[in-house]
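Chain lettering (A, B, C, D, E and F) follows the sequence in which the chains are written, and residue indices restart at 1 in each chain.
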Amino acid sequence: MNDNPAFGAGLQPFMGIPSFMRLPVSRELKDVDVAVMGVPFDSGTSYRSGTRFGPRKIREASLMIWGHNTTLNVTPLKKLNVVDYGDVSVIPTSIEHTMDEITKTASKVIESGAKLITLGGDHSIALPLLRAHAKKYGPVSIVHIDAHIDTWEAEFDAVPYSHGTPFRYALQEGLVRKGGYVQIGIRGPVTSENDYADAKELGARTITIHEVMEKGVQEILKEVHERMKGPVYVSLDIDAADPAFAPGTGTPEVGGLTSYQMLQLVRGLHGLDLIGFDLVEVSPPFDHGDITAILASNIAFEYLSLLAIK
Amino acid sequence: MNDNPAFGAGLQPFMGIPSFMRLPVSRELKDVDVAVMGVPFDSGTSYRSGTRFGPRKIREASLMIWGHNTTLNVTPLKKLNVVDYGDVSVIPTSIEHTMDEITKTASKVIESGAKLITLGGDHSIALPLLRAHAKKYGPVSIVHIDAHIDTWEAEFDAVPYSHGTPFRYALQEGLVRKGGYVQIGIRGPVTSENDYADAKELGARTITIHEVMEKGVQEILKEVHERMKGPVYVSLDIDAADPAFAPGTGTPEVGGLTSYQMLQLVRGLHGLDLIGFDLVEVSPPFDHGDITAILASNIAFEYLSLLAIK
Amino acid sequence: MNDNPAFGAGLQPFMGIPSFMRLPVSRELKDVDVAVMGVPFDSGTSYRSGTRFGPRKIREASLMIWGHNTTLNVTPLKKLNVVDYGDVSVIPTSIEHTMDEITKTASKVIESGAKLITLGGDHSIALPLLRAHAKKYGPVSIVHIDAHIDTWEAEFDAVPYSHGTPFRYALQEGLVRKGGYVQIGIRGPVTSENDYADAKELGARTITIHEVMEKGVQEILKEVHERMKGPVYVSLDIDAADPAFAPGTGTPEVGGLTSYQMLQLVRGLHGLDLIGFDLVEVSPPFDHGDITAILASNIAFEYLSLLAIK
Amino acid sequence: MNDNPAFGAGLQPFMGIPSFMRLPVSRELKDVDVAVMGVPFDSGTSYRSGTRFGPRKIREASLMIWGHNTTLNVTPLKKLNVVDYGDVSVIPTSIEHTMDEITKTASKVIESGAKLITLGGDHSIALPLLRAHAKKYGPVSIVHIDAHIDTWEAEFDAVPYSHGTPFRYALQEGLVRKGGYVQIGIRGPVTSENDYADAKELGARTITIHEVMEKGVQEILKEVHERMKGPVYVSLDIDAADPAFAPGTGTPEVGGLTSYQMLQLVRGLHGLDLIGFDLVEVSPPFDHGDITAILASNIAFEYLSLLAIK
Amino acid sequence: MNDNPAFGAGLQPFMGIPSFMRLPVSRELKDVDVAVMGVPFDSGTSYRSGTRFGPRKIREASLMIWGHNTTLNVTPLKKLNVVDYGDVSVIPTSIEHTMDEITKTASKVIESGAKLITLGGDHSIALPLLRAHAKKYGPVSIVHIDAHIDTWEAEFDAVPYSHGTPFRYALQEGLVRKGGYVQIGIRGPVTSENDYADAKELGARTITIHEVMEKGVQEILKEVHERMKGPVYVSLDIDAADPAFAPGTGTPEVGGLTSYQMLQLVRGLHGLDLIGFDLVEVSPPFDHGDITAILASNIAFEYLSLLAIK
Amino acid sequence: MNDNPAFGAGLQPFMGIPSFMRLPVSRELKDVDVAVMGVPFDSGTSYRSGTRFGPRKIREASLMIWGHNTTLNVTPLKKLNVVDYGDVSVIPTSIEHTMDEITKTASKVIESGAKLITLGGDHSIALPLLRAHAKKYGPVSIVHIDAHIDTWEAEFDAVPYSHGTPFRYALQEGLVRKGGYVQIGIRGPVTSENDYADAKELGARTITIHEVMEKGVQEILKEVHERMKGPVYVSLDIDAADPAFAPGTGTPEVGGLTSYQMLQLVRGLHGLDLIGFDLVEVSPPFDHGDITAILASNIAFEYLSLLAIK
């Protein structure tokens, strides 16, 4: 916890300086268990920009999180030493320089022994994050919660990276453990009849929204636990939730998950060897009543709680 | 598809001119399978106006639809010749002149052999559309998805037509096949204890939201398939969805369908002889994050997909 | 009903002066069955203010309620003599003076024999309302529908009352019948691991959202009917609904009830000896498309319908 | 003033039922000096609808008006007996029936001897209002404050009336005193090079925004006082103000008046024989922070103050 | 400046943690020249609440301020040691406890020798701030920039303090130097014909908006410099600006100052012995595009620049 | 004009497909006098993104422009053959590839003999546009209307181009005629005390907002006409206007121009040899009531009118 009174520890959520859950804002990594880091990069999106304001708004919403997780019965900040690491310095005009910076910054954190909780930004940031984690852990298993497969081919030859391609490259670069890649919540129109088959060939197990709705979240989680071996990285695109629950996002996809299901999915990862996490695509300019940011901050807290009971 | 590069074919959805799915904007009907037409009329509403901006906003949202329907496994624009026919010239100050214009324009399109997908506008436009379709097809079966029965008596003696009365007149004018009228998703306060009974007497099978919630969408669809014979017209009021999923509408009714159920309902019409479709009551000034328009454009795409696999 | 034509009786909902359901605005209590009263107090909230505009906006939304409840088959305003009593005169700078004023005004109404439907305002108003009701009825049973337990200890020693403490004090002051207090929809982070246990010790039966989701609303209602004896007061915090359905509130809590479940819960109280009701925490500045106010007005109408079929 | 405590007289502006300035809501005209009346008709607009919510929102904003006009040193409600007459029953689908209703209702009020302050609604309502006033007073002088000339020819042959034509018909129907028609604040693109000349030929003195900006408001007012003889009707379109000051309107026109200039213009009519007033084109769905409605309510109060010092 | 890289010094304004101008967040007052402090109290307002989010949003907007003031040719953070002191712990339910807390916290800061820049919150906070300053400096001169006189009598006998009364009590408590109180920008309806006279009698020189518009800002400043002797406290209510420039406020008053005039007024205080400053009534929930918060942050920067060139 | 009826020529502005002023959407350049082109690139901004939606929204707002410019007495579309050229294909993740694409596309248009009206997008697009124009015309004179100097040094070494640097590079690359560069409307905080001097040394005549306010627009225009020789390129950043008039922009700067002054400035360029124009920084997600887009479309129309009377 933050013992600097100017931050407003102990005050009601509308007061004080909004670091994540009022954590100390620090780049000091000694004895740190978890670092929360923002990556306010929004140039990788194919439709609505604005996720550059995601980290700031999620931090603000996090002040409403009182601290004890009743479902998991844990008070994470009592168990873990957590800091708000601030934001990666992104360059909106160049995804390539930004990706290097992300990998470099993330590596610094995780090589110190701390775990990372990364708040996006658009989904293109997952690739450099995975590079950093695979460098430390070797190929990782991935739980990818999303409306979109994000294994598309490059849209622009000149610059292959975007929010639609991170997992294609992660798979091709060998950052993913063979058989250890699951996508959950997938739906909506795609570019061609081969997109799902391509994803499969690349190594994805695509669990569509239809499967989730028909089998239920618990059944899906069973399969996830079967497939996930070794170190597991979780990449969560807020647009997995229906636009009713997460309107503030770049490419909303109707027919999605409820906020309750989103929390169930994350909570159900309990027991896996969770080594990294990103939560992406929160776009505050398109949000209203901050409900998307509030959902995101609660999901991040749920993940943090898992680390505390691990 | 639109081969005019100025429209932005091939570009990301935030670029280019927003015709529906970047279709050619044309009144040329030769060899056209389907015409998408707007009817920006909003004077028929009893509460919030603004649906005059419905067609424009749905077109804009449609640019995010990538083209291949994964659930139905079809790429409609590869199978069908579709155009954006533009908007009917409405006169907001006179529903009667507007209705004539709608019937006239719709007739021109469907008499050419093309199918119509009509984007409203408020629900009053369904009556002149039904007149045009019945003129060509004879009395039609109707799947009417809505929160409201819309078979009310005229509120104003002087001008009986409004968004609350189209199906009363369609039934009374003999535009509907006997026994072929189903309303789905009905709920909320009505004017008197006789309203449902009146609807029944006029010929409606009223399936309330309670029936949908208790039996499930698949069961409802079974009944729909049993009742629907011959040419089927689909009239979908976006307020069938709960305001959480479709806030941008004129008379929101709480306790409604999810976006997933909406898509299920439309998709489940597969196999019927679908000859006409309207999607009404999207009111962008009351929407946020465009989620209502996005839902509407996806529903229209779902219907278009049905035409392609027919 | 209101026979003053200037109010707009008989007009469409966008016309006329917005008293609740166009009821007469009056402090005359003779022969009145139910009085609808606003308490626009928002200083008790721990996060977003704005509920001071709740009563006004709920009244406005209520004009869309046509009058006949189809599910319960009753037209309440035909059965009951109802007035809009206007608002309690609150003092935003002093919760203590405001609480006295609430108790005093509420007592005047209920001592006349009328039942109260109170529109908040934040949840701190429940305590003075309960004081008034307990004074008349003795200790009451309470159905408390909410995301939060609201039995917390005072945050500020100086001023113990807030929107997080009303039920602690109600229990401690003996306003609640022993064993007659149920909380439904509870979820989200709390301040410490003892919060739920504290609530239990004070006398609450806490039904979490998990119980509701797993057992279903009907099963929950069964338990409610078992526990509720004697006069029953209903206190409903709109944030029991998920932020997707009720974004316009002070402390949104994700993972909540749908609007359909909210209506089911209230409707399911049929048969209890309902003697008082408050609906709180609607904060219009954070709402969009008025969907929260519309939900609230429908819930109030549902409760009013219960009084009419009692 | 309203002595019904349920309305909230004496309470702060966020409390109570929003009639205009908390006036009694009444159709009783005996001894009434001024009646405030709404005309929530928005079908006559050529771009954005939504003015149907104008009267309601202006009433709400009027609660912030404390009562004493410091510039004119008068407390109008102490000098005049004023009522809120409620709204004219409009039929959005038919401008013709609506116009008849407006004329009929307005006539009833002014024939009683009361003066009317009418809150729109779009500008099409000015014609039926002028018909009522000319019937009582004979041809009237008109001060028309607006960005647009509103003397255009009918756009639709079928229905000539709209918010762009009222003054053409008023002039042609002989409702206007010869030489007694001034338009102030005119600007922006028009349909053809003859539009201004047409207006002149019909009898308008068109004072463009350029004249106002170059000569100043006081100079303009001098000319107005010279031209205005006999009974004077004031028709004020809120879009005379720049969109920065009045964004909530149907056809915003940039390069307009400030709110300070708007008040100056109205205040400067002191001394004329003011017999009628309409304030139109406030469209709340496109407003933000209610600033347009607040401006409108202050302008109406300024006009009311003029009546009180007359 | 903040040398903690996690805060994002050197990053673009959309990155990093939003303390005011990225200042260190600290309660350490040694060698501090200026402390920026928030007072997020919004219970004192008579209309729209929401100023509790003022300090947070002004801090966020301040990140766009690049550092060098071109008009005054100074880079304040190079000349002055400034900290972000965080927020005073307010109790929204009790203005009295909150006022004590404000006076206590402010005193601690100014007794250390630092100057205070206080960000509100509503205008009720000015009284306890003046108490703290008068305790240190003796009776102070006051430049009060506002639309409202704020010398009203208590509305509630029980709790005399509100955002409409601070200067009445400051004058009555002897906190103000005789003859040293100027109000600038005053306008709009008041409660009675005596309000201005009362203010005068209490000791105010009321400069209405009419004087400002007719004489110009420079002339007004001349008078201000003549009247202001000794230590000068500046209290600036953002509603002095017209709602077009500052929509995000509690009681908007039309016909006000431009943002250019606001900056001119503050800048023109150069040369006075400025010993304290508050900027109040920024209410983000009613703002749009953050323009009110951006104006406020620039005004605070302008004042800070004055301290640097003093 | 567009003779394709599906576009909605002749319809009211809320109907039809929104190309700029309903122009034909075409890449055919034969006999084209003016091409309107969008560049929806928003990665170059240092604060709020969203200008990628600028071209689309300005086109939509342009439908309200009726065609005849009353001040300049010209109907541009009668004099000039104009097309809507659609959008340049931008790559948000790479400013360098985007800049190449812009230069290439712009060159194609202007080499055909057509004049370009370019709608941004952020201000970084001015550099590639200037490259294209200088290639055809040699070094050009530039009228640069803006709040910011935009001659800053690169913020990121890796990628020097951004919305803060275009004119530095234009000057350094020799695209600007010596002595032919004027900046108008400049204000607000800058990074250091040398920024203005740097701009001057690079060749800029910086006319601050203070000069504009003190001398008046006509005086400024005199200087502009004196300095502008040969072919003149106009680059207009909408943030030259005050945020009250143009809230929908990336880096709002308070204390700016009114919309009336903006139009005056552009209109006053009459007589110069105008060879190119860009209007940038309209960011619809931060706009409200579309007032920024409406201002932008009117400014573009004013410029188009100048071309027609040239």
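Here is the rule we go by: a residue touches a chain if its C-beta (ideal position, glycine included) is under 8 Å from a C-beta of that chain, and two chains touch if they have at least 3 such contacts.
A quick note: this is a predicted structure, and the numbers were derived from the prediction, not measured.
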| request: In contact with subunit A and with subunit F at once: which chains are those? Just list them. | output: B, E
| query | Which one of C-D, A-C or A-F makes the same contacts as B-F, at least in over half of the residue pairs? | reply | C-D
| field | Most widely separated chain from subunit B, with each centre as the mean of CA atoms | value | E
| Once you find the CA centre of subunit A and the CA centre of subunit D, what distance in Å lies between them? | 54
| said: Quick check: how many Å separate the C-alpha centres of subunit B and subunit D? | reply: 38
| query | Which subunit C residues reach two or more other chains? | reply | 12, 14, 48, 52-53, 92, 242, 244-245, 286, 288
| Hey, how would you classify the chain contact layout here, line, ring, star, complete or other? | other
| said: Under the definition above, what is the set of subunit B residues touching subunit D in their complex? | reply: 42-45, 48-50, 52-53, 91-97, 124, 156, 158-159, 161-162, 285-286
| Residues on subunit F engaged by subunit E in the complex (per definition of touch) | 46-48, 155, 187-193, 195-196, 208-210, 213, 242-245, 247-248, 251-252, 254-256, 286-288
| said: List the residues on subunit E that touch subunit A in their complex, please. | reply: 4-8, 10-12, 14-19, 25-27, 38, 40, 52-53, 56, 59-60, 83-87, 89-90, 92
| remark: Listed in rising order, the residues of subunit A that touch subunit C in the complex are 12-14, 64-71, 73, 75, 242, 244-245, 258-260, 262-263, 288-291, 294-295, 298, 301
